[in-house]
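Two complexes come next, and they have one chain in common, subunit A, joined by subunit B in the first and subunit C in the second.
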Partner chain A sequence: MSDPIQMIDAGGLRERVEDSALLWSLVLVVAVLSVLPLARLLLEGIAPAGHLSADALLRVLGTSSTWTATQHSLVTAFGGTLLAVVVGTLVALTVSLTDIRGANAFVFCFVAPLLLAAQVVALAWLQVFGPSSTLLKLIGIAPPMGSRNPLYSAGGIILVLGVQYAPLVFLTLRAGLRSLPQELLEAGLAGGAGPMKVVRTIVMPLMTPPLLASVALCFVSCLGNFGIPALLGIPGNYLVLPTLIYQRLAGLGPGVLSEVAVLSVLIGAIAVIGIVSQDLLLRGRDFRTVSASAVARPFELQRWRLPVEVALWTLTALLLVLPLTALVLTSLVPAVGVPLNFESATADNYHFVLLEHAGTRRALRNSFGLSATAAIAIVVIAVPLAYFLVWRRNRLLRLVNLVTEVPYALPGVVLAIAAILVFLKPLPLLGVSLYNTIWIILFCYLARFLVLGLRPIISGYHQLDRTLEEASQIAGARLLRRLVTIIMPLVAPAAAAGALLIFLTAFNELTVSALLWSSGTETLGVVFFSFQQGGDSTYAAALGVLTVMVSFGLMLATLALANRLPRGVLPWRD
Partner chain B sequence: MARLTVEGLTKSFGSFRALDDVSLQVNDGEFVAILGPSGCGKTTLLRQIAGFDKSEAGRILIGNSVVSSAATHVPPERRRIGIVFQSYALWPHMSVAENVAYGLTVAGVKEPERSRRVDAALSLVDLDGFGQRTPAMLSGGQRQRVALARCLVTEPGLVLLDEPLANLDVHLRASMEDEFVRFHERTGTTMIYITHDQAEAMALADRIGVMDSGRLLQLAKPSQLYREPANARVAGFVGDGMVLPVAIRSVDGDGTCAADLYGHVVRVRCEPTQKAVSAAQVCLRARDLTIVAPDAAGVAARVDRAVYQGGFFRLEAHVEAAPDKLLHLTVPEPFMLAPGAAVKLDVADGWIISGTGRN
Partner chain C sequence: MNVVSRRTFIVAAVAAFVFTAVPATAQVPSGKLVLYTSQPERDASQTVAAFKKTYPGVDVDVFRSGTTEVMGKLAAEFSAGQPKADVLLLADAATMEALKKDGRLLPYPQARLDGFDSGAYDADRTYFGSKLITTGIAVNTAAKNRPASWADLAKPEYKGQIAMPSPLYSGAAAIMLGTMTARPDLGWSYFEKLKAADAVAVRGNGAVVTAVANGEKPYGVLVDFMAFNAKLKGSPIDFIFPAEGNPAVTEPVAILKTTANQPAAKAFIDFILSDEGQKLAVSMGYIPAKATVGMPSWYPAGAKIKLMPTDISKVVETNSANLKRFADLFGN
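Showing the complex of A and B:
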């Protein structure tokens, strides 16, 4: 042993270098995905096309269409949020606090719309109303030809937004109710309060944080939704900010980039106000519950149980079965307005979209490739990232954690416009432009859905006994080997759930690709939207039914995985 | 096999001193238990030795190499030590053989050498033929032995055991204790054994280090720890000793002295260097106290209560002259003194605690 001290010290250096190299490359990835586009967008707002100028800003803010769209955005976002909160809260309280039977099946059905494509849901609802509704014709109560479909209105947008996002409120509140200690309710009951009074005076006040969080989440989602106002608003020229941005950009091209950048900053600002005000409302109040006891036990409904169960399933029939039935029926008629009967029923629409229309096949390939790539790439980023976030907490990592949320929290159009700004000019060094290629869409998917994969993986880590990692460290394994041989297999179920969530969301996505697609890079959402805009509702319906089937198939398939997952990772599993 | 040297190790979490200037030396092949109540810092010490946490001050040497100091922090994966975790930390996605082989694979040991060593390690813990099972298929004791095989297959110089028996039932504990002793004899590895269980520490260790509040109070052979506690805390923690104030009258050369215990002169053991002082402390054990006739010489006490413990009573009493000084002793059945009754107690043995401060 000539000089063992030095030898071992050099070994320590190598681990430290490897460690920080991995950490900093992850920080860099998050910075490029999350910070760079939004920083670029803000810069464009202040200095359009590189020159400090308020021209674009003033031009946009001076246009009446900006303020009309802003007003419409606020009306539909508030309306949709209100509806979603009322429905979501009632359902969450009923499911969590009472002894209804079949809660699992009900939750699956109630949450499903959230995982379906918004534009498909919008089309399905369109098929429930209006003179050309195949469903209404079938039962003979269709309004006369020429009358207007009542969903082409602010009310229609609010209705579909509310239905689409009620599950979001439900899920947030359900998680909160799950951690409500039983004795708080029992103390209320022992104090002589009836169940209703306990809910009003104990449960709801304690549920303020999740409720407010869900209100903010719902508001931001309604505000940023593109598919619903695109299908229901554009025909009646009822424009909201995302559809206004879409129309400007689609009609005039990247020349108006500075102007749509200002619109994006505007909608982003409204979203931020929504998120921040939730934070402010909660500040300085203490909602912590002190208990480790069992979760609140359900109230027994006794003779009310059957009526309540019937009411819940009726709600499911109205919110899920009715529109999907209308969609399926429309996909079976040869043309919009043709009544459905044994002679007219046809599979031609399916034949056309699956086998004849080249665009659909291309889109299927694109959407599948984009979603799968995004899902896999995000898992590869998120597993080591979550390692640092969960087990190496420090100030930098807390910031990184926060930053990953931003692209998903902000409306999709904001990220899309930001990505155009970043990638319009050729990349430095490489000299190629990603604009009008499929890569810009992939970039946005990675940025936007990173947090969808990260969250389940983080809860996977929280369930993991860290000594499993320490044992491999003691056996001499360095960080990368530990990640691959020990950690990856152990968080695999959570990672798979995250990947599926990403795949489902990306597969049904329209908001980002509607602004970024070009000939050859269209996604399923884009093709669906073009069918509908071109008046080919039957093709759109057939394509919609197919995507719904894929979504349901994947959701059901994952239930097999459910027992190995942390609770709450799969939204459609109670 | 390697020596372990810890010098002046200190670690705080916020304002909480988890380790306070801890120094100890473990010899080659020695089996040392670190004993203390939960929160005493023993787990922090283990994590420092393993390298999971960085220290603030002090040094750790394994063999001749500094692994932790102000300037150096060798990561755990380079320390060449083994750990048996309380939860065993067996990888559920690997078979028993894969678990055991992991460290060899990492070290680049190739087949067939790897399989040979895995088989040898499994055989050492009497698990021949269990290689293809998964950890989920094993009993608690078998998992424990897999963890042991996994940690020893790479022949580390130093093995840390973190309360390895805490999750086993009582019967299994006894047999696993034997297993550890045999194991230590066969491999001769230096072992540090963390536990809060005195009986376990006494049964297993060559020496025991008692920790409390982040400090190492005493590191000594089990019998010495029991017979000659270094201070009042060790006396109280190990063997439930009673610490009482005495005045030392005279010291004999043979390591005993005459001490005045509440007016009763007793002969107890002490350090040969002990001086005659008026304020000293004596540690008494329950078995050192006996009830004597009321008119005989002894310490006057009053009975608080008698708790039946099967065949004998644990008698709790307080000193008549100092009601806050509590005494306890065992008395055989039948026993008929009611609470409040006066008793005279004689002292057969005791130890003068040389550390006079209430450390």
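Showing the complex of A and C:
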């Protein structure tokens, strides 16, 4: 223990009792959120419905649809990862190593898709192509009738996954590039190597760890994504594991719970293989560098600067502006297939979703309540938890740190199925079942997004000077008091950033709630998805535009907070 | 009998009289009502809004999905022992018949059925047809051909141009499948021909109307009101009544036996079957079950739509085998 003063009197003893009471309650919370559901899922895989049996396992593994969906999952996850890595790496290198202007604005636009709802992005892309595209009709180049929207395919899923997750690669690499030692690059340039050669022989080899980390992150995210393959894959009957699980459960109910549990374990296992192989690839190699001085954008582009800037902004126009424009245009037509012009343009779709449709209002309330509650509750858990993780390191805490990552790293459907298994039967002592209530969704949000709040708060602690806390400890303030009066105000900016990140993610969430909602507990993602599934894509477009506006509004509002935050806490701020 | 016990008896008798008499005469339906329905979002919203105008004390929660998915949800809740729904408004009588067989439906003998055709409701008064929804052929107005019959759709010029609702999602499509496969002139060979012509089965009628209106598939198998409502809003879509006739469903409404709010559930049935409720259906583009309230504006003047007769009890029997065979054939 690193406590500055050991007091072996009654007060010290009481302090230590309080300390360990707090620590153990936090450990218990993490165990209930992270360990319990996954342990229950694994148990179901081995012993379906409580009996040791391989029947469900063999039945699921013996069905061809399982393997078709697995193959589709692998194809789209690898394809999406490849695209994201190529785009994300090129952009990260250009933005970090060259002297382009307006990098801040560009980073904001490039990272934005990551923080929008995946299903809304997918619908927006659908509106860019096909004979129905309002945008293409407007400029008179819509393909002929009867031609298929090319996005209803594996290629379409890969394209949108790649666009959605390229920012993940960008962010991870950018963090790595910031700690690139300047001396090495200068030595390379002084030795006569051109910029390309320096990138190839010095930068990229040193960037192997963040690159591999981003590949693994990207792969797991693509594998677990539900919104994109749901919108682009289900209509063409191109099912991946998350959509197969959804269809089975939605169509047949918890009677097939044991079977979808096996499917969840399968997709979880693929994700774990992805994460572990990244570790194995890095093992035994040494990437340590001597200094960690930040590079001040070493390459001057000179006459290439303008063309490169134009290329970057064209990319933004293609990846962000184009699909969102198409989405807005579709939200303005009165019905599917009607060409847009000054006479046909209407706000009816917005009127319907905002004022007439009771479900949307309920969903707005639910999503807002769930996201805000999750954000606040996670901050309350994460501030004391980070205190222990940063300032009281030991083996138990290292394990706790690792465990909090698991529910976020694994695909969302895995957690959702696990939660159904835990909560379907009435809770012991209370005698009520959480299944079909809003609490099961909240539970999943807490488990899944805990790490999103924890990470920025941990980096907030790393920036703190501990002397204030130590001074108040000497003055006799006990841990809880120190946490509330000294530490909380100091980590408040980081906590606020974490809370916002949680709020944004939960507000746009569909994967978990698609499996867990019931009448009265629908989220915005669920209502959007129902509109789209019911053929009301103009309503879906209007609702999508509204959620995009909320996301952008929140992201812009947080820029005001940005100066008080540790670097890298807000992903959309460079 | 001493005084005290006599008084107790009288109090009990009065109480019994009050508590049995009040619900029948004066109780205003109130509290929460959960409706599971396969109606499109907008129609379900309007139905609930109109119901609430008549019964402002009742709060209605709606769960909406394809009939098959609604049934999946219900089956789940039955097995968990706590069904959440109070009333159902689903596409077809076969689904209701299956629920009735399992003893899930509450009979409502007092339902006011004057003016309804006796074929529109269950003889045991457990479910009541609210509309007539027929399935025909939708075409994009810019499409080259005008199919006149179901048989036409299987011709080579329609290859790769047809969308139809999957019976694995839609109740109306399940009835269509059961009705058509039972006919000697169409039968399973008709669906095999459609498959050979690369017809695709999409999720429900909503997806069909989208595909036809936006031109991804110029021709579609579709329910009447969706085609006409889209046309009314300006979508480039026409509806054809095929020569062989239209398969039809009645969109019945029913009360679950497990409802905790019988007065509100019965009020919902009353509303759907009332002239007001029937007129609402007409205003939303449906053919009402009670013909005397009028017809939607699109209804062919002076003509009668030729219906394909459906043997409901046979569909109940063959449904799951049909669905499985369809899934094997079309892959979804």
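To be clear about the criterion, the second predicted complex is superposed on the first by the 561 of 574 C-alpha atoms of A that agree within 3 Å, B and C clash if a C-alpha of one lies under 4 Å from a C-alpha of the other, contacts with A are read in each partner's own complex, and residues count from 1 in each chain.
Assume a residue touches a chain if its C-beta (ideal position, glycine included) is under 8 Å from a C-beta of that chain, and two chains touch if they have at least 3 such contacts.
These figures come from a predicted structure and were not determined experimentally.
In this superposed model built on subunit A, subunit B and subunit C occupy separate space and fit side by side. In the superposed model, A:465 lies in contact with subunit B only, and not with subunit C. Contacts of A:145 after superposition on the shared chain: subunit C is touched, whereas subunit B is not.
Subunit B and subunit C, viewed from the C-alpha centre of subunit A in the overlaid structures, lie at an angle of 150 degrees when rounded to the nearest 10. When the two complexes are overlaid on their common chain A, residue A:533 makes contact with subunit C while staying clear of subunit B. Once the two complexes are laid over each other on the shared chain, residue contacts for A:182 go to neither subunit B nor subunit C. Counting the residues of subunit A touched by each of subunit B and subunit C gives the higher count for C.
Legend: residue contacts after superposition of the two complexes on their common chain; A:352 is shown touching subunit C, with no touch to subunit B. Of the two partner chains, neither subunit B nor subunit C is touched by A:20.
Contact with subunit C, but none with subunit B, is seen for A:336 once the two complexes are overlaid on the shared chain. Closest CA pair between subunit B and subunit C after superposition: 48 Å apart.
Taken together, the two complexes place no residue of subunit A in contact with both subunit B and subunit C. Touching subunit A in their complex are the following residues of subunit C: 34-36, 40-42, 45, 48-49, 61-65, 68-69, 72-77, 79-80, 82, 84-85, 140, 142-143, 160-161, 168, 202-210, 213-218, 226, 230, 233-237, 331-332. Note for the complex: subunit A touches subunit B at residues 1, 4-5, 7-9, 11-12, 15-16, 465, 467-468, 470-478, 481, 485-486, 489-490. Interface residues of subunit B, counted against subunit A in their complex, comprise 50, 52, 63-67, 72-83, 85-87, 89-93, 102-103, 106-107, 150-151, 154. For subunit A in complex with subunit C, the touching residues are 130-132, 144-149, 234-235, 237, 250-255, 334-338, 344, 352, 356-359, 362, 424, 433, 435-436, 518-520, 530-531, 533-537, 539.
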